[in-house]
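Just below sit the structures, each encoded as structure tokens.
In the two assemblies presented below, subunit A is common to both, partnered first by subunit B and then by subunit C.
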Partner chain A sequence: MTQLALVIDLNVCVGCHACVTSCKEWNTSGSAGPLCDERPYEADPTGTFFNRVQTFEIGQYPNSETLHFPKSCLHCEDPPCVPVCPTGASYKRKQDGIVLVDYDKCIGCKYCTWACPYGAREIDEKQKVMKKCTLCVDRIYDMSLPENDRKPSCVKACPTSARLFGDIHDPESVVSLAIREEGGYALMPEWGTQPANHYLPRRKMKLKIHMDELERADNPLKVDGHLPKPAKGESSMDDVSAW
Partner chain B sequence: MADLSKLYSMNRLYYVLLALGGLAVLGGAYAVFMMEHHGHIISGMNNQIVWGMPHVFAIFLIVAASGVLNVASIGSVFGKAVYKARAPLASLLSIAMLAGGLAVLMLDLGRPDRIIVAATNYNLTSVFAWNVVLYSGMFSLVIVYLWTMMERRMNPFNKAAGLAVFIWRFVLTTGTGLIFAFLTARQAYGSALLPPMFIVLSFAWGLAVFHVVQKVIYSWNEKTLDPAILQRTKNLLGVFIVGSLYMVATYHLTNMYFAHQTGFERFILMDGGVYPNLFWWGYVVLGNALPLLLIYFPGLGKTRCVMIASMMVVLGAFALLYVFIIGGQAYPLNIFPGYEVVSSFADGQVASYAPSLYEILLGFGGLAIAFLITTVSVRVLNFMPQDKPYISD
Partner chain C sequence: MKPAFSVIFLTTLLGAGQGLFLALFTHQTYALFGLLTMQSAAYYGFGSALALLFLCGGLIASFFHLGRPERAWRSAAKWRTSWLSREVIVLPAFMGVVFLYGMVHVFGYLPEIVTLPSGLIIDLSVVIGALGTLLAFSLFVATGMIYACLRFLREWNSPLTVINYILMGGSSGFILAAFYSATYAPTETDFFVGWAIIITLLAFVGRVASLLRNARLKPKSTMQTAIGVKHPYITQRSMGAMGGTFNTREFFHGKSVTFIRAIKPTFLILAFVAPLALLAMGLFSPALLGVAFVLQYIGLMAERWFFFAQANHPQNLYYQTIG
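Then we have the complex of A and B:
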């Protein structure tokens, strides 16, 4: 069975919110929209967003670093929001594992918000039904788009290519490969919801460099001892390789 | 002549009460219209606090509707004559509060116009859907129960109907508790203690409402309640208050025992601003300690004290539900344990909530529906408790 999902690389996410805005733009004008916006340019704006970026600091200052964590519906394989829906408006598609809401059946009781441990559910305060990330279901199957564009809007927008999209049940897919080889993990696996979306952890790149690798040990003039070693700060023969 | 003028003034008072109740219902209808027209944005609710003030009113009314039937059950199931005489009034109150509570609950839905969708698309795995059946079943069952009490030919079925109502209301309040007990995702809920806690709370709240209404009806009919009867129901209220306080204390103490719940308990009992204040002053002091004092303190415990105690229990109930429902949502989901999260969408932070006028109007509209049903029914049918001169049990 196919299970479409996003894999988000936290190592390269810079928290630019491009995924947030592109998601909003596509979905407010697509079949999942409109996504209401109230007081968008005032002090206390509010609105419906399918994708949000949360930020927290790791460590204590000055040894701290900032982590940006984009979060949308994780399309759980065992989604807690689906069985609690009184009308069955929340459902998980068999063919691709996307969790969707049937806006025409939703009565707006908001009980799914209570059940989702990830806070991914959104009430559209105008339309008064629950909404959430659709993995751009109206886009990924749109045959009128070039194949390269048949990806969720957030994936297309990410400037650092932090977002990957594919079938996590296909062991050869780009997402499975990333999860397997780069330590992909699910958010709060202890809930047993088996989130389909995964995250690639922050990775610290370290390179060990020895002093002799910085000096040009084979500089012939130096080897022969014909030239005095210039002092630090002085210009060298070739301005590059004396040290 | 003098009597007649008094009758006229009582009659006028009755219509004034009806008009006031009607006005409050109209206020609720206005709130529904406004929220329907402008969307929930005009309410205080948001993506963090999805159930607000109307749910506090609705859940109080539904839980008290179940609890007030305790009076009827003690009569029908356990055969106590004092309570049996009060069973019709208790049943009426139950129907009235259930109607008011369900009206608020339904009208607070995002799409109350789709109630037919809820009735025709039934998801059997949803505890919310179970409650739809439990509420409507309760409504029908209590009407049948009333019928067996008020129609002489139906009297033989009274015992069976009473037993059915007794069982059903336990299941119903369990269902209400389960709405929260099944929520493992949030710190405040997901405890098997919640259904029994709601059942015990319902006993206290239902009896408190019953005391107040009974007193008003006796005064209206210029009768005095036998102090011996008040003594018994007063003591029962005291026991229920102690029981509910015990359940709430156990719920919080067990939470405190789990390391991952201590943050939430600290928030709700100490640091959470309005919530600890409402919990300690509103629920514990006003809703439990003072009523217990009024009931049990030597020299107190007379009619006036019991009435004040009952009203305090009702106010305490609202305080507890506000803390339980809204405080529980205000505490953020703990997705990144140990980290302080910021976001441009208020994720990971304590959510703020200020109830809007519309939500309060809707809540009072529900109370007014219950008030109107009770007032009109008491006027047109005989719900006055008929005590025998000698109390046999």
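Then we have the complex of A and C:
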């Protein structure tokens, strides 16, 4: 079984919103129709996005740090939004685990958003159907694109490579390795939704240096006087005699 | 959650319609066993028409909740997993049965289906009525479970949600039946008033129980689990949008704490206390029963508003600061 997913490295994300704009650009231009925007140039612009970058302050001034947190549909392995859909418009693909909405079947009742604890779905206020991240399903299988481009738009756009894409059921994939070796975690594990997308935590690189590493015990400059000094002409041996 | 008026009307109107039908059939069952006098065909017929009127109102209200009402027929598809889909199937079935129940009474088409050993004749209207009772309860369960099955919304995720939908709908319907009887069959009024008082009292207990339960709830999801950072102080600085999103419009009621505090005693008085007092007085002056129904209906709308507003969705953790 395949479960495609994103792994987002919070240690690397700089909060530039390139993934947001790139996602919007790709998904508003597709065959499914535009992602609507309302009042885009007025005081209170609003619109439908699949991906948002949020910013959190961890701690209190002056001991605080900023966390940029990209959030999109997590493509849960046990998606609570799918069984509640009365029409079957929301579904999880068997072949790759992507959770999708069939825009032609959706009646816009919004019940799936009530059932999603992550707020990952947004209604399109013009088309009146529910929309959400598709993992760029219209891109990752497009054989007319070079293989390197068959990735979600956000992944391609990220300037710091904070977003990884792959199959989390394949233990050797780049995403599985990252989750396993870099401490990947899931959001709101308390609900048992088993999100496929994982996040890599902020981690501080710290180098531990001990005093004996600063001062080499076998520093040749300091061995004078410690080792026997054979007379000139006598035999000497490395590390045993002073010369 | 933001209370949607379409859903407030839908659930309150359906509740009154279902309750009225249950009240009428309860009366017929009592009469069948000779505990009350069987009323005229028109009494049951027009009563069913009145119930159907409320059910139609609810059905119409439900369409206002949909973004694409022209595709509403599709929502019957996933009855295996979705309580919403089950409701969509049971509602028209129930309406059909209520229509048939009224029809067989009005046209006097009451062929004998079976005669019990005691000599009791079960005619077609009793069979249809029993089926309608089953469907009325199924509809209450489906409506309640739409909310009770969402485990993230812990204020709703309780058997009390379903029980209260049954009791409040029943109370509303029995008060309506009492008023209807006071107008068309005054001798039967006391029977309905008695049951209405019992059901309204039970509904009051059920609703207070759920209020007490919800007051003690502690949220399972926190800022820490939402973004996976272990720190007691986490503040959102930006939700990633400048002018609000669907997530800020759908999941926040946007009213002040004072408003919420005021609406709780308001609905408790209007939906339970006032109708109970008016029902007791209605035993002597039947016109008050009409007042009781209308007042309680307003109270139930306030109750439903509060029911939605009180539910705190975990997604709100991600949408606290516009910026």
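Following the convention adopted for this analysis, the second predicted complex is superposed on the first by the 204 of 243 C-alpha atoms of A that agree within 3 Å, B and C clash if a C-alpha of one lies under 4 Å from a C-alpha of the other, contacts with A are read in each partner's own complex, and residues count from 1 in each chain.
Rule of thumb we're sticking to: contacts are C-beta pairs under 8 Å (C-beta built on N, C-alpha and C of every residue); 3 or more make two chains touch, one makes a residue touch a chain.
All figures in this text were calculated on a predicted structure; none of them were measured in a lab.
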### Message
Please determine, from the superposition on subunit A, whether subunit B and subunit C clash or fit.
### Response
clash
### Task
Return first, second, both or neither, reflecting whether A:Gln60 touches subunit B, subunit C, both chains, or no partner chain.
second
### Message
Per the contact definition in the header, classify A:Pro201: touching subunit B only (first), subunit C only (second), both, or neither.
### Response
second
### Query
Which holds for A:Pro117: it touches subunit B only (first), subunit C only (second), both, or neither?
both
### Message
Quick one: is A:Gln95 in contact with subunit B, with subunit C, with both, or with neither? Answer first, second, both or neither.
### Response
neither
### Task
For A:Ala43, decide between first (touching subunit B), second (touching subunit C), both and neither.
second
### Touched partner set for A:Ser161, first subunit B, second subunit C, both or neither
neither
### Task
Identify the partner contact of A:Asn148: answer first if only subunit B is touched, second if only subunit C is, both if each is, neither if none is.
neither
### Where subunit A meets both subunit C and subunit B, residue numbers
17, 46, 49, 52-58, 69, 71, 80, 83-89, 105-111, 113-119, 122-123, 125, 128-129, 187-188, 191
### Query
What does subunit A use to touch subunit B in their complex?
17, 36, 38, 46, 49, 52-58, 69, 71, 80, 83-89, 104-111, 113-119, 121-123, 125-130, 187-188, 191
### Query
In the complex of these two chains, what residues of subunit C are touching subunit A?
1, 65-69, 71-72, 74-78, 81-85, 88, 146, 149-153, 220-221, 223, 225-229, 231, 233-247, 250-251, 313-316, 318-319, 323
### Query
subunit C touches which residues of subunit A in the complex?
17, 20, 39, 43-46, 48-49, 52-60, 64, 66-67, 69, 71, 80, 82-89, 105-111, 113-119, 122-123, 125, 128-129, 185-191, 199, 201-202
### Query
Which residues of subunit B touch subunit A in the complex?
39-41, 45-48, 50-51, 109-112, 114-115, 117-118, 121-123, 125-129, 132, 179, 182-186, 189, 329, 333, 335-336, 339-345, 347-348
